[in-house]
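A short worksheet on the structure shown next.
Chain IDs A, B, C, D and E follow the sequence of writing; residue 1 opens each chain.
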Amino acid sequence: MKTILNDFEHFAPKTVEEALDLLSRYGEEECKIVAGGQSLLILMKQRLVTPKYLIDIKGISALDYITFDEQQGLKIGALTTHRAIEKSPVIEKYYPVLAEMEQNVSSVETRNWGTIGGNISHGDPSGDPAPVFIALNGRLRIAGLNGERTVEAEDFTLGYFETVLGHDELLTEIQVPALPPHTGVKYTKFSQLQGDYATASVAVSITLEAKKKTCSDVRIALGAVAPAPMRAKKAEEILRGEKISDDLLARAGQAASEEASPTTDAEVSEEYKRELVKVLVKRVAKEAFERAKKA
Amino acid sequence: MSEYSVIGKPIKNVDGVAKVTGEAVYAFDMTLPNMLYGKLLRSPHPHAKIISIDTTEAQKLPGVKAIITGKDTPGGKWGLWRRYPELCDQTALATEKVRYIGEPVAAVAATSIDIAERALDLIQVEYEPLPAVFDPLEAIKDDAPLVHEDFENNINATRHIEWGNVDEAFKAADYIREDRFTLSSQHHAPMEVHNALASYDKGTGRLTVWASTQSPYFLQLGLADALKMREGDIRVIKPHVGGGFGGKNSTMPESVNAALLSKKTGRPVKIVYNREEEFIATEHRTAMNLAIKIGLKKDGTILAKEVKIITDGGAYTGLGATTLYLAGTFITFPYKTPNYRYDGFRTYTNTMWSSSMRGFGAVSTVYAAETQLDRAAHDLGIDPLEIRRRNAMTPGYEAPGQYKVESCGILECIDKMKERVKEKWPKLEKDEGIGFATFAYMSGGIFNWIDTPYAFSGAMVKVNIDGTVDLFTQASDIGQGSNTVAAMICAEVLGIDVEDIRLHLGDTAITLTDLGAWGSRETLMNGNAIKAAAEEVKKKLISVARMKLGENIVYDLVVKNKRIYLELRPERGFSYYDIVRDAIKENDGEPLIGIGHYTPHNKGMISPAYGMGIQAVRAKVDRETGHIELRDVIVVHDCGQTINPLGARGQVEGSTQMGLGFGLCEEILMDNGLIINPSFVDYKLIRFRDMPPIELIDVPTYDPEGPFGAKEAAEATASPGAAALANAVYHAVGAEFDTNVLRPEKVLKAIREKEKKDRAGK
Amino acid sequence: MKKELKFKVNGEDYDLWVEPKTLLVQVLRDELGLKGTKWACDSGACCACTVMVDGRAVKSCSILALQVNGKEVMTVEGLANGPELHPLQQAFIDNWAFQCGFCTSGQLMAAKALLDENPDPTIDEIKIAMDGHLCRCTGYNMISEAIQDAAKRLQAQKQQEGGK
Amino acid sequence: MANYRCPCCRKITSDTMDLARHFLGQTDRKHKDWLKTKGLSYAQLIRWQGTEFGNKGYKALAELLEKEAPRVE
Amino acid sequence: MKIDGTFNLKGSPQKIWDTLLQPGTLASCVPGAEKIEATDDKTYDCLVKQSVGPISVKLKFTVKITEMDPPKYVKAVGNGEALGKLGTFSMVLGVTLNEEPGGNVKVDYTTDVNIVGKLATFGERIMHAKAESVSRTFGSNLQKTLQSLNA
């Protein structure tokens, strides 16, 4: 760890186009994008990342917005801060799970400066927003010099800190469809101390059919237990089309725990992470179910 | 005791305004004109021969003003155990070989931190890695690599205590149990990192150092030994210090190398560690292997205890040898132990060395002793509070040849706790438990390992013509609030306000020697020195007043509320201010000065007085994940006469946080001698949301040795947290632990084991 | 290559030229001499360096100085009104909400941002807002109490002003 | 009363347990080498004394010294 | 840091053994390998690039085979550095081939990596996981190579 950052040239584009243009000019190795910089600046101090050119997009105000309508659903500009999401009345009303999630992302200080797009683009497998957007069936809009594309939230992260973003691309927007009726969503992250990085995290969205008895649709997303946030599709299959019961939820937890592919690290073993997934999926799905019943 | 006008009152921190306005200056904030920035190149190997160091390229970097390696140092060795020169094993820069990852091998001074850091990258060091040893039990083997060639089997220090007849007592016991523990290290993690600014004056050959230190005097001695200079030619100044907790007692390479670089360049040099350096290359709590055997009567009375400790000392001595001594003592507290045997060994290993940390010696041993006691109580069918009560020390209790406990409120503490818990937590939720642990600690140490001929504490009081007071003290306020306590004691004696006192602090050139802030010594030891100094002045004032009154000598005079008057006829007296003026004028203008000092005498081997008490932790365990939720804490303590209840509460809260951290989450993770979590991201500290509320109940006693009856407060309270937490988990779900950091995975495993045992039992 | 940085600190306008690699905390401490803002972890994990930017608490060690171009920064030095302490500062003193004081500036700025947004926070809200702040000395409870105390003082102050 | 002298230095005690305590407190070559010639390892004794209950290290050494240490009047 | 793992391959132990020890195979199967050259029959010079998101590291190292029991067991020792002053490292690698019924060979590997310097302290979590994913990819690459040889 060094005290002082290495020298770099600093660009502060005012538009997405400008930023993309700058990106195209410099090679992947020597050029990095910084938004809030809450992760990147630390890597730079450690000299693990030493860009010659830093494209500082924090000032692109056009990417700072939250909009919602019933048809289009929710749209969040990539440079919206975590704090803005946490405090947004629209999100509070239609997607309270997002506000809940945000409240446990690092510290208020980080949330005040760090951006949602920066967080997702960083591709940290233990990041909080990604599993929630996956559970919410979110899509990510990506801008490139040759036009735009959209990918499913679940396909965005490829592995440890690796995403589908090409070097000359920029994540610009997160889109979340309006929730179907009778849908409950819950996110829980497990860490020994509150506000810490997740040891394991689970987001579940459950939609009940009109009579609120049977689960018509379900999405289960896991964080921190694989190289990238992932869907627990086998666990989903166990619940989909079924009447939710404690026993069924436990089975879903078991399935998810088998689907996950955690690794042992200095703090926790693979077995323990699997155990956590088992317990968390059961509990979180139950809460999502309770919420769906009330929705 | 209620007649005090300052003592026992909630007095606001005398440094408060400076600290809330950002004006308080820490060594970290200091710069001097023309100052250079120093950085240390550190060894990446745990144990390696240094073949060569090539600084040519680094020298060429513009802005680099000096580079030194081991051969450029005067070669002085130093340490805190100066009584035993062979334990003075530290060096400024490694020369022949490196002994831990992070040991400095070269130092650079440059015109900016940036250049200094770049210069480090240009220094080429060739190492020949040597086999290294990290485990203390491996280190003592005959074929283990030697960390210091002169210390065979890597044994750095030993300590043996025995009293009574242990073997006979075990034979007489109804119940015996043995438990083994591996107790981990813990980092002090002070908010202000180690840093020092050194300025050498070529003209006079004198050196001034501003440093983040707990003991300016220790630093002065360390620098003198390291630089082979006279003590008197070194002036150490301690500005505000951003926390120490035992980690800033030793003279560390940053101050020595800043001084060497300043000497070489003729310019002031400042070295500031970054947080990673703070984690890998500053001292930490002593990890240990501990075996404890206890023999009890059926009714829970302790008959005998036998304790074995092998500590992981790391590469150098620091205060780790003291830790070994204190561990052997405090594992008996606060219980009557008629028969006791202790064998302690401190080993050298190829890791950053371990040393003193808040409650050193006690924190780890309390964990072992108090969790064991709960298991014994459970087996014997005795209530955990009752077994503690039955064995509690009483005033005047003596351990033969070791210590004598004068004031002792532990029984009252236990009784108060019992009452309060019943009232506060009448019913527990499922999987919720309450755990208790007692604690005790010294009020300053007696053993003179530093080998100083000076008094342990000294203070000087100068009263000005207008009645204001300049108090000169080397007592080190490192956050614990000793400045406020110092001013309060002085104000109480002279009958004036805290605001009338100006403090002159922590400067070895202008304050009388004090050994510094460790082992909870400032209130009792420095407090006694200040009290004596102020009383000397008071005596002078009284004699002047007496003469003016012309009263017979049998009438006692009181100095209080800025007046000096006859105790029995308060209306007869004078204003304090008038007497001060008269005293100075009548004595031919001689300034009104009092000097006081304190050194404990005839107080045994350990300490003049002991603070103590009991803590309760209420916690809830998640049986499926092993997660522990800290819910509530009660601390009942006896710190003698509390000097400042506000400050004492702050200290109790803070030390409880540290003790709970030791039990819950703080863990230094190591891989082949490398600390792999050297940051606040990966080294887990309790923060706001996980900190439970604490209720503090004071059991006042009066210790004859302490100033106004005061003794240790809130170092002892660092010890019980981990034990009380483990006991709470034990009572909630039956899980037992032989290590201290109760991370969820460990808890879950223990729960499963317990369930398995229960099933097998059925 | 240095770039121009125009911003406001504690109400005063500054126009500086800084290296792009300079962090906000370095400008504040080294260029402007505002050493009340501390720096303690190098990894964005302790919040000792917290200042307010446009009214929000942020970590000055994790922000490039150039990123606050055109913005308004407030540091602990800007909290008191001349010799008169801000109620938060007074409450911190009265409640012994600091010991070594090294994390205090950051705590105060975060507390200020909190009370500006939420004048009457519950203990839980305080804990959430302050959770990023490490304090090795106090055990946090007395800081929470001080913030609640300050909230009361500020409300009383407001009422008094309103009454006038 | 017979006293025991340390086989490696001039220490004299009346009790072999005390002599064992003395012996184990010495870290010089001489004492260790003597132990080796008697088939005992210093490290092993320390290990016993530092991890096992009942003065196991001292007792083993005292037993040996009882046999081997020169007596003095 | 110890990393152990197992993967299964189709083929005979001897064939796998022969393939495994060809520098060409290693170069094509080790993810990110830019150069692997045999300097003698037991020593290989390697240059491997690894990246974790924004971080990329070039590792330059030499691997020496220290024990061999064809076609069952091989032990190698590696030493090298991460370019850019990020640190040096050494590793001990052991690979055991076990023939299993059905023409399968179970490959067990154990590595003990000792990293010295900056790289080591960077998120042990990530390093560990990355190493596992690299070995997994190596296994599947090797499988592909074997298949192509069969074909």
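What we mean here is this: a contact is a pair of C-beta atoms (placed from the backbone, for glycine too) under 8 Å apart; a residue touches a chain by one contact, two chains touch by 3 or more.
The structure presented is a predicted model; accordingly, all values stated were derived computationally and were not measured.
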Labels of chains that are neighbours to chain B and to chain E:
A
Shortest chain-hopping distance from chain B out to chain C
1
Between chain C and chain D, the fewest touch steps amount to 2
Given the two chain pairs A-C and A-B, which is bridged by the higher number of C-beta pairs in contact?
A-C
Go ahead and note the Å separation of the Cα centroids belonging to chain C and chain E.
51
Here the gap between chain B and chain D, centre to centre from mean Cα coordinates and rounded to Å, is 37
Chain A and chain D have mean C-alpha positions lying a whole-number Å distance apart equal to 67
List the centre-to-centre spacing of chain A and chain E in whole Å, with centres computed as mean CA coordinates.
33
What positions in chain B touch 2 or more of the other chains?
274-276, 669, 671, 676-679, 681, 687, 689
When you check chain C against every other chain, which residues touch at least two of them?
42-44, 128, 130-133
Okay, what are all the chain pairs that touch?
A-B, A-C, A-E, B-C, B-D, B-E
What residues of chain B sit close enough to touch chain C in their complex?
12-13, 15-26, 28-29, 188-193, 240-243, 245, 274-276, 478-481, 646-647, 649-658, 679-681, 685, 687-689, 691, 693-694
Which positions of chain B touch chain D when the two form their complex?
137, 140-142, 151-153, 155, 158, 160, 167, 178, 289, 291, 293, 306, 308-310, 341, 343-345
For the complex, which residues does chain A have touching chain E?
1, 29, 32, 40, 43, 46-50, 122-123, 159-162, 227, 263-267
Touching residues of chain C toward chain A in the complex: what are they?
1, 3, 19-21, 23, 42-44, 47, 50, 53, 56-59, 62-64, 66-67, 69, 110, 113-114, 128-133
Listed in rising order, chain B residues that touch chain E in their complex are 44-45, 101, 121, 276, 669, 671-672, 674-679, 682
